[in-house]
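Multiple structures follow.
Two complexes follow with subunit A in common, the first pairing it with subunit B and the second with subunit C.
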Partner chain A sequence: MECRHTGRLLGLVLAALLLLGSLPYLLPGYQLRLFTEIIIFSLFAVSYNLLLGYAGLISFGHAMFFGIGAFAVANFCNHISGIPLLAAVALGTGLTTVMGFLVGCLLLRVKGTPFALLTLAFNALFYAIATKWYPVTGGDDGLIIEPHKVNLGIAVIDPSKGPDFYYLTLIVLGAAILACWYFTRTAMGRTVVLMRENEDRLRFLGYNTMLARLILFTISAGLAGLAGCFYTIFYAFVSIDALSIDMTTTVLLMTFIGGTGNFAGPILGVGAYTYLQNLLSELTDSWPLIMGVLFIIMVLFTPGGLVGIFKSLAQRFARRPGSADQ
Partner chain B sequence: MSIMAVKDVHKDFSGLKVLTGVDFEVKQGERFAIIGPNGAGKTTLFNILSGAFRPSKGKVLFGEQDISTKPPHLRNRMGMSRSFQITNIFKELSVFANVLAGVRSSRGMRCHLLRRPLADKGLVERTEEILERVDLLDERYTPAQELAYGQQRALELGITLSTDPELILLDEPTAGMSRQETDNAIQMIQRVTASKTCLIIEHDMNVVFSLADRISVLHYGVILACGHPEEIRNDQRVKDAYLGEEEL
Partner chain C sequence: MNEIAVFFLHGLAYAGLLFLVSSGLTLVFGMMNVLNFAHASFYMLGAYFAYSLLQIIGNFWLALLVSPLLLLIIGAVVERFLLRKVHVLGHVHELLLTFGLAYIIHEAVKWVWGTDPHALAVSGFLAGTVNIIGITYPVYRLFVFGVSVALGLFMWLVLFKTKIGIIVRAAVEDSSMVAALGIKVPMVFMGVFAVGAALSGLAGVTAGPLMSVDPGMAGAILVDAFVVIVVGGMGSLGGAVMASVIIGELQSFGVLLFPKFSLALIYMLMAVVLVIRPEGLFGEKQ
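Then we have the complex of A and B:
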């Protein structure tokens, strides 16, 4: 059953890739930028959902890793002359992964509410450091970067050009998102779900659940850092907003709106959130108010998020009884 | 040869002395039962054996090794596996996923970042084999929480067997079952623990006398008597302390 499912999904992914590849020819520049942003935030939200949806760990501090990646890449680009862009991204991601590991070690023994509060505290700590550490973060002014061109031998990618950067983002972050999807199928990915369901039982089956949680936290942090790197390059600028509590709330909202019970949920959520925000901010300055109301309505009435709505619609049209394919 | 030895185990819970010097040995290949009235310390003892608690004093040996301070996951990897009195399964996952969890653990596929358990034929076949042994193969895709109570107990047993343990620890395997369900469970336990070593904690006399090769009676934190079912049945101290009101 699982195999057929995988095959169908792979076909779907290929068709989607084809469509995504031709987007620069179909969309005007402005829309393409929006789409690039969606890809960046998709990776951020997918990495967040590995914690929230798959492991059942509510983190209020995921932006700290996004922010660390964002500032790391800015500093590497500005201070190491001649560093290739992708090397800066790799270093930034690596640094974030190490930070994820260190923070994860301190969070090892906690779950549930203490976990949520501690991640919030760590995020606040990192934010406080960032506001004061002027040489590294630029304080309230932020940092401007000039990303170098990426020379691939056969082609040169200029990150400041919309389509060029779109392809770079699509390939690198698209691969990362696919890797996340594969991760959910691996032994480790399944272990995470078992841990959410019944961690106590798992310990009596030979699993070191603390180690498993640490591995997951580290991976999730590294992926958020990678998204953060691209965020900085995309805007050619980074400010302390990147690791603010606001950013954490944003990724939480995006993931929730899309639905946490499904891999595609967060991606859908990011798309909906970004387009809606874009639309509303053209109409009114108080767009966060409307977004907030929408979020409350969604949490109250559609706990499964957008994916949940689509699923129940599909079921209604197909007229078959609900199947529990968890 | 003994597979597990318990030596002078004590357990205090902030002054409340639950176990006050428990000694016994479980021999390779036997079914060993511990019985005792409510409050005798059976569950506490069981938790010490499986690693949920540490003894306040004394030792638990597995083979030659002192495992008194080893965490549960390491004990499991050494070859022992426990069941739970209150059904402790992965409720929202399929029956198959429940058993697969233990099967892949015993093959070292716990946190592998590349390999997929469902793509591994050996794991899938082994899981199906265990499901068949506990009569749940037909329910493999059913979410565990939708099973009937008796089937959930069978799944509990299946999960316990899934790591292929040398020593199986069963905590009141027939708790909450009807007479009929209990009889079926006894047969199933006899079948799946054949040629294995098994330690059972049980309240139900019928279950103990039909399953156990040897029995220890736990009473107020110490072992009152230890012997074959017939010896226990006829032991005057046991009759006085515990079995007096029950017809044996």
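Then we have the complex of A and C:
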């Protein structure tokens, strides 16, 4: 049973890899760009779900880390001449991780609702600093960057070319998403879930829950920063929108629409949100209003998100006697 | 000397406004344990309603009365049909709901009234100036402070000196016992939330003439109100009074003394309070 399951999974993964690898040949340029954006936001949403879904920590300030990563990579690329692109990304991610640790030290002193409130306040603080700190953020104008080519020895990747950047994003961010998935399976990842369910018992068993929470918060911040780095390179431009509360709202909506109770939920949510946004923004300028109403409806009636809907549909079909699925 | 007096009065006026906003926020949090992210959006709606009412009837006093009443109804509807439904799902869903509401109201306001800032003009003696402690000062700013003092006293009287106050506070402590005594607890919570919304509506109308009415006004005040209730202690009315005065004056003198870092000052205050007393100056330990 277990063996058959693994074999099936391996087949699925291989098929998925083949499909993802051949996408640049299947999709027109515009669709490929959309798909690249989906990968970037998927990492952002997955990192957010580590807090919301796995640890039950509700943050209204996740865009601050996305934005720090986005601005860090822009500054490293523009001010350090000849820096390899991936080194700039690594530095940007590292810097965000450090910031995540520092902010986490301060914010994790409180729990629950006060924590939610403070994350929003800190997001607003970083945004306020960004609007004023002209040399680093370009203020309201934003920053334009010229990403260097990545020389891998066997091939040269040009980030300004759609398919090249797609492969770079797929490999680096795909690996990061897989690392997140692996993390949720480790002892540490499971501790976090237990902590959400019954913290007192874990502490009684001798776990340092404060430390576990801080580590998770730091990792989540670093991953959001990595997504932010790719966001800047993708557009070859970054503005203060990257660390605005609107960006926090976007990732929250994406994650929740997909479903927080499942690892794949946020990725599904990003895809659904991005395509829906594309569709709606052609029809009306008030598309965020529709998104908001959709979000409220989901909070009220389907707390499990899209994944929850699919699961209950699957259950309904599986239960019906004599149906084609059986 | 005169300059200091002017900035002191500016600080008091802003403190008054902060108290008007944060009193409703802290009331709802203290009584229902719900942090209402849409509170500042109700405040913005209050200002926009007042703007439209002024266009139609042209009387500021009537707007000051009607706008909070409209928010009272909106608050009751939101509690009855939205918030109560997600209460069973836990506080994360309550937060998500109010956050989503704030997002919807923000977009709806842009849709209905547009993104251009509007001016809410007062007339009569409120638009004039008065001579106090040797300086000429706008009456309206003193009026804002006066409204907040009156409201603070009124809330204190209702909460601690009347039977309604006793019922509300008892419903927080032990809702099943209060229900057993024949009081409809869900009605009490609906009332508290509606009054919280009405208070933010009042704050919105009052703020209108001080600053422009635009879609960004909710975000601007929300963070300041959050800082007030973090510094004062979440759910504490006395804490909200003290923190409003401290932050109002800090903001005002900050502009005078360190124009570049005035914004950072209140965040620094919040960070210091968070490190020394995470539960706030007047808050109870969790």
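What we mean here is this: the second predicted complex is superposed on the first by the 308 of 326 C-alpha atoms of A that agree within 3 Å, B and C clash if a C-alpha of one lies under 4 Å from a C-alpha of the other, contacts with A are read in each partner's own complex, and residues count from 1 in each chain.
Assume a contact is a pair of C-beta atoms (placed from the backbone, for glycine too) under 8 Å apart; a residue touches a chain by one contact, two chains touch by 3 or more.
All figures in this text were calculated on a predicted structure; none of them were measured in a lab.
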Partner chain in contact with A:Phe230 - subunit B first, subunit C second, else both or neither: neither
Partner chain in contact with A:Thr249 - subunit B first, subunit C second, else both or neither: second
Contacts of A:Arg190 with subunit B and subunit C, given as first, second, both or neither: first
Touched partner set for A:Ile215, first subunit B, second subunit C, both or neither: first
Partner chain(s) touched by A:Phe71 [first = subunit B, second = subunit C, both, neither]: neither
Subunit B versus subunit C as contact partner of A:Tyr54, first or second or both or neither: neither
First (subunit B), second (subunit C), both or neither touched by A:Tyr207: first
Shared subunit A surface residues [contacts with subunit B and with subunit C]: none
Complex interface listing, subunit A residues touching subunit B: 1-3, 183, 185-188, 190-191, 193-194, 197-198, 200-209, 211-212, 215, 324, 326
Subunit B residues within the subunit A interface of the complex: 50-51, 71-73, 76-77, 81-82, 84, 88-94, 97, 100-102, 104-106, 109-118, 141, 143, 146, 159, 162-163
Touch list for subunit C against partner subunit A, complex: 29, 33, 35, 37, 82, 85-86, 89, 91-93, 95-97, 99-101, 103-104, 107-108, 110-111, 219, 222-223, 226-227, 229-230, 234, 260, 263-264, 267, 270-271, 274-275, 278, 286
Footprint of subunit C on subunit A - complex, ascending: 52, 56, 58, 60, 106, 109-114, 116-118, 120-121, 124-125, 128-129, 132, 245, 249, 252, 256, 286, 288-289, 292-293, 295-296, 299-300, 303
